[in-house]
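After this come two complexes, each holding subunit A, first together with subunit B and then together with subunit C.
Presenting the complex of A and B:
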């Protein structure tokens, strides 16, 4: 294991966390809360693809398309059937929405376990070219694809938020839902769009990452926590903040076990979380607001 | 309901205790010497204790901590360690375990005192994961992933309770704790803690130190969950890092919702329903948990006060109807 190989591994993990964090970020901006079901969405994307390929001999691309579609439907249902009614009833209280999203997370896990079974399935790689050799290290095709997709996704989302009508609406709703409502902006539609894009991002991320270690119905929870931490570390000041948070966390996830062994990455993550919550709860990037 | 009862001069909380006790006796009669049913009731009692532990900080004080798997685990490992590594009386484990869990809860509460909502949930979840990892890593203490087995039997002054007596004991403990929490909820302390959830600034302004009260609530909850963990470990005869999983934590969040958050008995009712669905539902064995998860979503959306709240509403409607019948 060379240094470079470790860095490539950290880059892959970082892109994975960063993509999950980007999905969190969109829902956070649009709906003002942390959608903990992001991890299970990613799990659905990966597990559903593998299951379709293994059980029904389907082509990888069509299986992936179906899996992403199913996840997007789940994301829409989360918003329309659960989060929106609960938030409306509780009048902005945080706890009811948190419990509701925990129930969604748990329900998706159980649903996936029931439909796809509980054993870990190997991930299906969309890329079929040979591993790329960089000096002494090699980059697996699935990892390369994940890195490329991450770059494309971040650029696309950054442009979308900055230059399109819906993107600007999303920022307006994020700045003040109340004011946006008063101005007659379509708050509910914008929220739904945020959920849908988050669902697509999570599902694609999950199915691209699955080849690394396989995926099972319980993978989603720890993915949720990792993505959430990436948001916390990065902050919400810019679209790129989730990527920075994700890359930092990816380095922790790869290098801590390398030097300290065993399951030390869990302690590492806990330590990072506690440090950030104690000293920089707003994350690395904070938006400066002109008052 | 309880407020009205107090106004009538009755002791608050006794109504709940009476219903709970009658149902418990019925359950114990149904169990009898059937080993499988005894296991079910033990599991239900454990779930109920973990859920009751969560009830204090979560439904009363409004902070959702997800480290309860770890607290139950501390209770369980207290029984395991005392049993295998020392020759002290095993009963001590139910003092030391809850005390250790309360201490850990206070420390974790101090570190996370500025956090609430999603942030608190995520950090405590991570703590639970780290605790499981620690149990696997610390092989010399915790026995690694194999855990601790071959536990001693309880011996209280020469008396060794039978398995059935342990089941009865667990049910009694659950009823006593639910009753005490119901009383605590209505006491001055309970009123402060509940007000703290809705209006922390008002409570702080009237001279109560909110962070300290929060720590007390967390410690109390952790101690109760540890009692449950100890009971389960003793009945199962062994404990491993996988005994108290995150699944239990999720179920414990949902139990008070299923039963109803208005009273601690809701947590007990929810635990009974959860065990019935997840462990004793032969028709759709594999999907019992899925039914439970979907049921929680439905309850959240259409009956936010849970089963007991719903029953109470029906009862009141019945009262009103019968009264109208008498008057007319």
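Presenting the complex of A and C:
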């Protein structure tokens, strides 16, 4: 494991997985279930940005702002029109909501294919500087930006959850939605905030990662799975858990094929997922509760 | 009741608001002409001649199938505008098998049931291989405009299927000439995991004994990272790398990674990357520079020049013609010619014989003297190697012209 280039690739992939996992984490903490539409949100952020730049010669920053805005609207609609009514009718049941967001995942992919077309579009880089050379390795501007934004996002979310009123409310609602409701806390507003921030994080992640290999309307499903696995590995015991899970998966994604060749990373990821599901389903970080 | 009514109204307002926002998002982010509108009858009258098209609008073949599909529609519209075939308009019916061999029989059956008299198959090689038996069952002649694997038109079940361009057997000869010219003896291969490329690799490398393939690395067609595969190729100390993929994001990710991690090695590729201008934009700055691909567009061919002008007129001045465009255009013209020779589209046996009687058709791709001919035993149109040329990418990630180190010999047809 001496190739610096491989470590940089693992770091980039890890940050990507970690950011998606952070979006999952926020909805999980605030609303108590896995929002499998995170991948399509990320796809929408990258695809809409590219589409606006290519089709309308729009500036990258303007296009990115519109794409993030559109994704946030989608995230809000997921909560207001799908999850909330389904949970209300099912008495707060988790499974019906999971099935509903799975349907949302495919609906967004179909919608994106219809609106933006099916071919892969080139990702638009917000960074305009030259690639950074580190010894024998090269880090692309978009990769560097992803790493920096990941660090900033995790620090900001950690501070927000710990020190702001909304952040503390998020944890309170996540701990017990029923108790929070009885105490008169604004449960619905807090849940909506969780969806909105998750939408922003996913959209930004998608548009920052898209320059690496492009983005198409079907990218969302595999991105959803990657983010979910990072949450499974990292756990939900800490806001940093998704990052640890993401970085571990990034290392598996890069180093397993390096040592075992071909597409062995698929088996590597499957093995990691099975091991965690079987022996540590709560992930690496477990939330400690004082008795 | 008043509270309930207010709640209902509030809910309705929120729902309408959400729908309006959705509509605005859709209007703001999407729409537009993507070139997939069905051609109209133009000035032609009479009963339409229905032609089926198996077009991968999604799936691994979408990167090339949609380019060819767009030009097929353009060619059909052009024919219809000029009075049609024997006064009758051509009507296209379209289905998609996503290059999935298991979906092919149902897809072709569906096209047949819609009244198709002949088919265009723009799917992956593995899917088209599967199609051969179904064509025999349906008794429908078919042209594979973008096919390049010779087994597609080899027996068995090849009575009704035709291809235009030089096959992988010819590609192997050209690559071998290039490797000998550059003294390349150890080759590394980076390949995607599609069934189409698996079939192509088998045919290509089976005919390429001139070089030792010392390392073969595979990645998923939707891979996000190939640095491990390229690091393994680097460790194998190969003289050059050949990327075999259906193109699109995988190809560009591979070239970006090779350009970054294996700067000093000569890179070769198949035809896909040269025929997918939209993919060039995916590459990092200079990521394609020095890449050599199997091309077949030569602007000294007057028919290529004429089609280029037409495509630019229809699609804008920045449109880059590809071999897929030219082969799609020629496929439609060949079918038109065959229908006229057969006296109509309704007798599949006569239509098939008419295709086999076409000889010396001057192609819109390849060099000026390049022609296509068919017979009962020759279902591959290309007459000689003149349909191929090794093209090199420049620093601007666009093809800059023929590779100076080697070009295939071009004997007159």
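Rule of thumb we're sticking to: the second predicted complex is superposed on the first by the 289 of 291 C-alpha atoms of A that agree within 3 Å, B and C clash if a C-alpha of one lies under 4 Å from a C-alpha of the other, contacts with A are read in each partner's own complex, and residues count from 1 in each chain.
Heads up, the rule we're going with is that a residue touches a chain if its C-beta (ideal position, glycine included) is under 8 Å from a C-beta of that chain, and two chains touch if they have at least 3 such contacts.
Computed from a prediction, not measured in an experiment: that's the story for all the values here.
Engineer: More subunit A residues touched by subunit B or by subunit C?
Structural biologist: Higher number of touched subunit A residues: C.
Engineer: Report for A:222: first if it touches subunit B alone, second if subunit C alone, otherwise both or neither.
Structural biologist: Both partners, subunit B and subunit C.
Engineer: Using the superposition on chain A described above, determine whether A:151 touches subunit B (first), subunit C (second), both, or neither.
Structural biologist: neither
Engineer: Looking at the overlay, does A:274 come into contact with subunit B only (first), subunit C only (second), both, or neither?
Structural biologist: Only subunit B is touched by A:274; subunit C is not.
Engineer: Contact-wise, after the overlay, does A:122 reach subunit B, subunit C, both or neither (first, second, both, neither)?
Structural biologist: After superposing on A, A:122 lies in contact with subunit C but is clear of subunit B.
Engineer: Is A:33 contacted by the first partner subunit B, the second partner subunit C, both or neither?
Structural biologist: first
Engineer: Regarding the shared-chain residue A:100, is it in contact with subunit B (first), subunit C (second), both, or neither?
Structural biologist: A:100 contacts subunit B only, not subunit C.
Engineer: Could you tell me if A:86 is touching subunit B, subunit C, both of them or neither one (first, second, both, neither)?
Structural biologist: first
Engineer: Quick one: is A:183 in contact with subunit B, with subunit C, with both, or with neither? Answer first, second, both or neither.
Structural biologist: neither
Engineer: Taking the superposition on A as described, I'd like to know which of subunit B and subunit C A:131 touches: first, second, both or neither.
Structural biologist: second
Engineer: Which subunit A residues are contacted by subunit C in one complex and by subunit B in the other?
Structural biologist: 81, 111, 113-114, 222, 262-263, 266.
Engineer: Flag every residue of subunit C that touches subunit A in the complex, lowest number first.
Structural biologist: For this pair, the touching residues of subunit C are 14-15, 18, 21-22, 25-26, 28-32, 34, 57-58, 62-63, 66, 193, 217-220, 222-225, 227-229, 231-232, 248-250, 252-253, 260-261, 278-279, 281-282, 284.
Engineer: Name, in rising order, each residue of subunit B that touches subunit A in their complex.
Structural biologist: Of all residues in subunit B, those touching subunit A are 62, 64, 111-112, 114-119, 121-123, 125-127, 129-130, 133-134, 136-137, 246, 250, 253-254, 257, 286-287, 289-290, 292-294, 296-297, 300-301, 304.
Engineer: For the complex, give me every residue of subunit A touching subunit C.
Structural biologist: Residue list for subunit A touching subunit C: 3, 5-6, 9, 12-13, 16, 48, 51-52, 54-55, 66-67, 70, 73-74, 77, 80-81, 111, 113-123, 131, 138, 140, 209, 212-214, 216, 218-219, 222, 253-258, 261-263, 265-266.
Engineer: Over in the complex, which subunit A residues touch subunit B? Could you list them?
Structural biologist: 33-34, 36, 81-82, 85-86, 89, 94-96, 98-100, 102-107, 109-111, 113-114, 221-222, 225, 228-229, 232, 262-263, 266-267, 269-270, 273-274, 277-278, 281
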